[in-house]
Amino acid sequence: MRVLSGHPDFEVVAVGGRSAKGMKVRDLYPASSSAIGELAFLDTVELMEVIKSESVPLVFLALPHGESQRLVPELLEITSHIIDLAADFRIKDPAQYEYWYGHRHSCPKLLDQAVYGLPELDRSLLKGARLVAVPGCYPTASTLAMAPLIKSGYTKGKVVVDAASGVSGAGRSLRLESLAMSVMEEYRAYSLRTHRHTVEIENNLGVKAVFTPHLVPMKRGILATCYLEPSGSSLKEFSGMSQDDIDGRLLELYESFYDLEPFVKLSSTPPGTASVYGSNNVSISVTYDKRTETFIALGAIDNLTKGAAGQGVQCANLVVGFAEDSGLTQVGVWP
Amino acid sequence: MRVLSGHPDFEVVAVGGRSAKGMKVRDLYPASSSAIGELAFLDTVELMEVIKSESVPLVFLALPHGESQRLVPELLEITSHIIDLAADFRIKDPAQYEYWYGHRHSCPKLLDQAVYGLPELDRSLLKGARLVAVPGCYPTASTLAMAPLIKSGYTKGKVVVDAASGVSGAGRSLRLESLAMSVMEEYRAYSLRTHRHTVEIENNLGVKAVFTPHLVPMKRGILATCYLEPSGSSLKEFSGMSQDDIDGRLLELYESFYDLEPFVKLSSTPPGTASVYGSNNVSISVTYDKRTETFIALGAIDNLTKGAAGQGVQCANLVVGFAEDSGLTQVGVWP
Amino acid sequence: MRVLSGHPDFEVVAVGGRSAKGMKVRDLYPASSSAIGELAFLDTVELMEVIKSESVPLVFLALPHGESQRLVPELLEITSHIIDLAADFRIKDPAQYEYWYGHRHSCPKLLDQAVYGLPELDRSLLKGARLVAVPGCYPTASTLAMAPLIKSGYTKGKVVVDAASGVSGAGRSLRLESLAMSVMEEYRAYSLRTHRHTVEIENNLGVKAVFTPHLVPMKRGILATCYLEPSGSSLKEFSGMSQDDIDGRLLELYESFYDLEPFVKLSSTPPGTASVYGSNNVSISVTYDKRTETFIALGAIDNLTKGAAGQGVQCANLVVGFAEDSGLTQVGVWP
Amino acid sequence: MRVLSGHPDFEVVAVGGRSAKGMKVRDLYPASSSAIGELAFLDTVELMEVIKSESVPLVFLALPHGESQRLVPELLEITSHIIDLAADFRIKDPAQYEYWYGHRHSCPKLLDQAVYGLPELDRSLLKGARLVAVPGCYPTASTLAMAPLIKSGYTKGKVVVDAASGVSGAGRSLRLESLAMSVMEEYRAYSLRTHRHTVEIENNLGVKAVFTPHLVPMKRGILATCYLEPSGSSLKEFSGMSQDDIDGRLLELYESFYDLEPFVKLSSTPPGTASVYGSNNVSISVTYDKRTETFIALGAIDNLTKGAAGQGVQCANLVVGFAEDSGLTQVGVWP
């Protein structure tokens, strides 16, 4: 709603939220703009009614994982486009979904129709798409950091993704480990070996991934630090080159790969999360350590913008044919 | 530059910055938009040259206190409007300036011409103004919190302003007490009895003020908690009323005082700094403690937006006749 | 348990905790020392059994407010000394208790027997006391900051206490406003006019108090900034004195009032919370603003140590006759 | 000085500090205990004089890297033991020192005499040692996390160490990137490929290391997340085992390796920095990801205690024959 409140082309018609039913948006989100802030949260039945009666052409879903697959089939009958921020339609293979999410998918035949909404990798399928699965936050940061290397054949074997997120990634659920008392002055890893975003990274890039997320005492932001092994051909290519020359060549590779991308910011120094705070940008850098023969690729995003809502709006823009950056031109709130 | 990068009406022609001369804006501010980010910092001589040769109609000054008074006389000859974010032209009385700032003002005759840029108190003088003194961050938050009470005769005597600011208020100067190591897990008062913003609060409201600023371990945001004594007439008015009725009447007073103000957000619960993060809004609430016969008025702003750059742009909009909220519609980045 | 783990004289025999029953202490408190960490949490019945069978001479209670008054009568029959960290026995007058806590006290006749455990004000009653009510965190910081001024007749009328606390003050209860997402980059006031610690401050000092607590994005620490009006005699005393001379006299007053106190640290500069982090110290400074005729007294504590557990152990030491600072010599963990 | 202020066996005789010459310790470190706080900083000449005249048997050095090698030769003539917290004597090979530190070592022949002070790996050489090089903070956390795996032959090839530190790791030097404004809401990597601690990790474990440090917006704490490849023999050993059985075996390996170590805390869940805050403990866990055939070993320390001063005192205790944990029994200040 924050992103949409500054969007010149979309109009927010209705807002759903079961637990907040009847409250005004601004009661929950004190920062809301006047127009959206005055809307009252509807329950699902009321919301479906509005979508039908007002022929709402596009719906954003931001439900807990597992719930959108129950709503989407019915919703597709009354609206033209669904932008789903949950994980429900991110994976094509039902068996793979079941392995990582621990339950059988309830409408597996929609999995093939859904478009994975990472425009920088493939925006061609988004135009007119009926169901878009917006990627997870960690997969967005790490995939975009590594894609040019892997897709250009520079690497081989598995990758290590060591990533860290601010606390808003855990949402508003009441858990002891999300209390400020538990988070501040604490840096810790979680979900070792088993985080569900692992499979998205692997599918996006066609590699095995060791993925370790960490929690950082800050509100927003994800940085993924990715380690990759060089392929034989890149070892040969780099053999007579200096460290600086290799890094220069890698920067060129990334510049060419992400040419004209509106949200990708490349730099020769390691990116941080502060510079993308509140924006839809992804800040990327890459280096190759000649001494240890290892690539290190880094990607920083705002986990709630490029890592969620902002990317959802970016997809929606492409789906309906608006400018890709419509409503998304805000620069990072820095410092 | 962050605020201007989203401004539809102003175009940034040149950027000055002595210590950064030659660097591009985006080297210092990684979050900058493409257009502004590509500009290179000029030194003062170069900047004056551009202003003259391109007939730049409006200049924002954000110099250390004491320096803009040396530049403004010359600058007024080559540009039409100056929006000065320093304290140099905020005080009308040269003697008062000298008392609080510790040195004689170098162009006292300009003090009378300068307009104090707090539009919510008086926007009538801003239209076409040649020299605008943008208020300090603490005075903005506290003045707007207390103005309806004081200007309506509800109070008497001095006020106590207990306020707290995030670390960006101290700017980028290298001081031991601004290090993260010194700031985190630390809450402390500073500049007791002597903070220079005291005089602005006093002048704005015509009262004596006890002002104690504190430093909070966060990046942005100011909250002013203000304590005021009731006048005899308000004691009489409130004598038969319940606590809730009094608070209801005060809310009405504030709603009437700030009717149609685009940036003032009133609420019946105490405001916090997070909801205005990155926005130009000021969030205000007020209560009267019947038991102790004390008003408590609170105002929250983003110290770098409504407390500095945002308010500067708001003034500039009024000066040249743009919509007052042009470039300032961003809602708070929350959570 | 952290404080007791370094205590040379007390031995922890058993630990109660209903919701954690069966868990080991170190499962909940990963920082625990080996000995205490190996204890398993007992439920109330089991705990009472151990106290009786092992003739445990002293019990610390840290129950939610309202619960210790139900347990204490029975507990007093099987143990010699109770150190209660709840608010249940801090107020002598049952009517006053009911006004602030919203329910009738269940054993009002014990109120008179209970000793309010603020040793710096009166440690004479603590020796051998059977029931000690450990003060609240805010009253500890603010009372100790203001006591020398008020008890020496320097002030008149009500006081304003503007205080701020780190997040651990809210404990481990799962509330939306205690989430890191809600707390970081947020500074806000809460419980205006109605915070229950108000009455403790008023009773300690015999004055009316306007008390406004704030929440700061840090883990530990409270700073109370207190504003007081001068009495006629102090106005007369200060009339011919310079600002510095007055502050010098006030420092002498405080040094004399707190002579030989092991935990009071006086300074001529405003104290912060970082310097007392993890220690039982209270850091105090005072000034008088001649221009506005206002005293400003500041007190900083670690809200979980001098503001709770540390003060409880200090009281326990005095109750049983150990050295007052036994187990409490840890200096602040700084920076 | 914080650690020593609670030490029952060492007495602090004198304190040196050129830039603070003449100031009392408590002016710089407001948390200091009374005794140490009253000492005044001496310059180097004065300090050497005291050491000589009072026959001080042990000296802690905490100088900028490169400076202790200039002082140590002379100091060894007037004191028995030096505990050096700088990097000057951590590396045995002068060429290796020059490669990583960028200048020739000024007394290379002392390199062989110096003992690397990581007691958990080898405490035998510390007893009576004349010159101890206290390890760096990152090497301490990562070496202790990986040592059991590597020294038991479970791994092969290079290791990836992805680590993050709180801001106190950067010390008190005034740098733009150490300002709170630059650090809060920022998570970023730095010194990619080139951090000087890399060589310590490599020397400690006899492996090549890819080491990427990150800066976390917190005051204290380091967590090292380490990735290692399995050797052929461990692949064979694990082939028929379940994930849980493998992790159980690894925990046994670590328990056996660190049996009776006073400061090593093993756990089956990933450690965080908060639980070791202010303590000399290192919290370690390990897992093996069967799916990707990768070990993940994690180590958390307080970078200023086990990562610096605490480890220095631990070494000093061993050097002179005190109990190894003398003065170091403080548990973590948690939460």
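Going by the order they are written in, the chains are A, B, C and D; count residues from 1 in each one.
Following the convention adopted for this analysis, contacts are C-beta pairs under 8 Å (C-beta built on N, C-alpha and C of every residue); 3 or more make two chains touch, one makes a residue touch a chain.
On a predicted model such as this, the values are computed, not experimentally measured, just so you know.
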| item | value |
| --- | --- |
| From chain C, the most remote chain by mean C-alpha position | A |
| B-C or A-B - the one linked by more C-beta pairs in contact | B-C |
| Distance between chain centroids, defined by C-alpha means - chain B, chain C (Å) | 37 |
| Cα-centroid distance, chain A relative to chain C, in whole angstrom | 46 |
| Junction residues of chain C, two or more chains touched | 168, 181-182, 184-185, 217-220, 271-272, 274, 277, 335 |
| Residues of chain D defined as touching chain B within the complex | 167-168, 170-172, 174-176, 178-185, 217-219 |
| Chain A to chain D touching residues, read off their complex | 158, 160, 162, 164, 166, 181-182, 184-190, 192-193, 208-210, 212, 214, 216-221, 223, 225, 227, 243, 270-274, 277, 287, 289, 291-292, 294, 296, 298, 300, 335 |
| Interface residues, chain D side, partner chain C - complex | 2, 5-6, 29-33, 168, 185, 219-220, 265, 267, 271-272, 274-279, 281, 283, 329-335 |
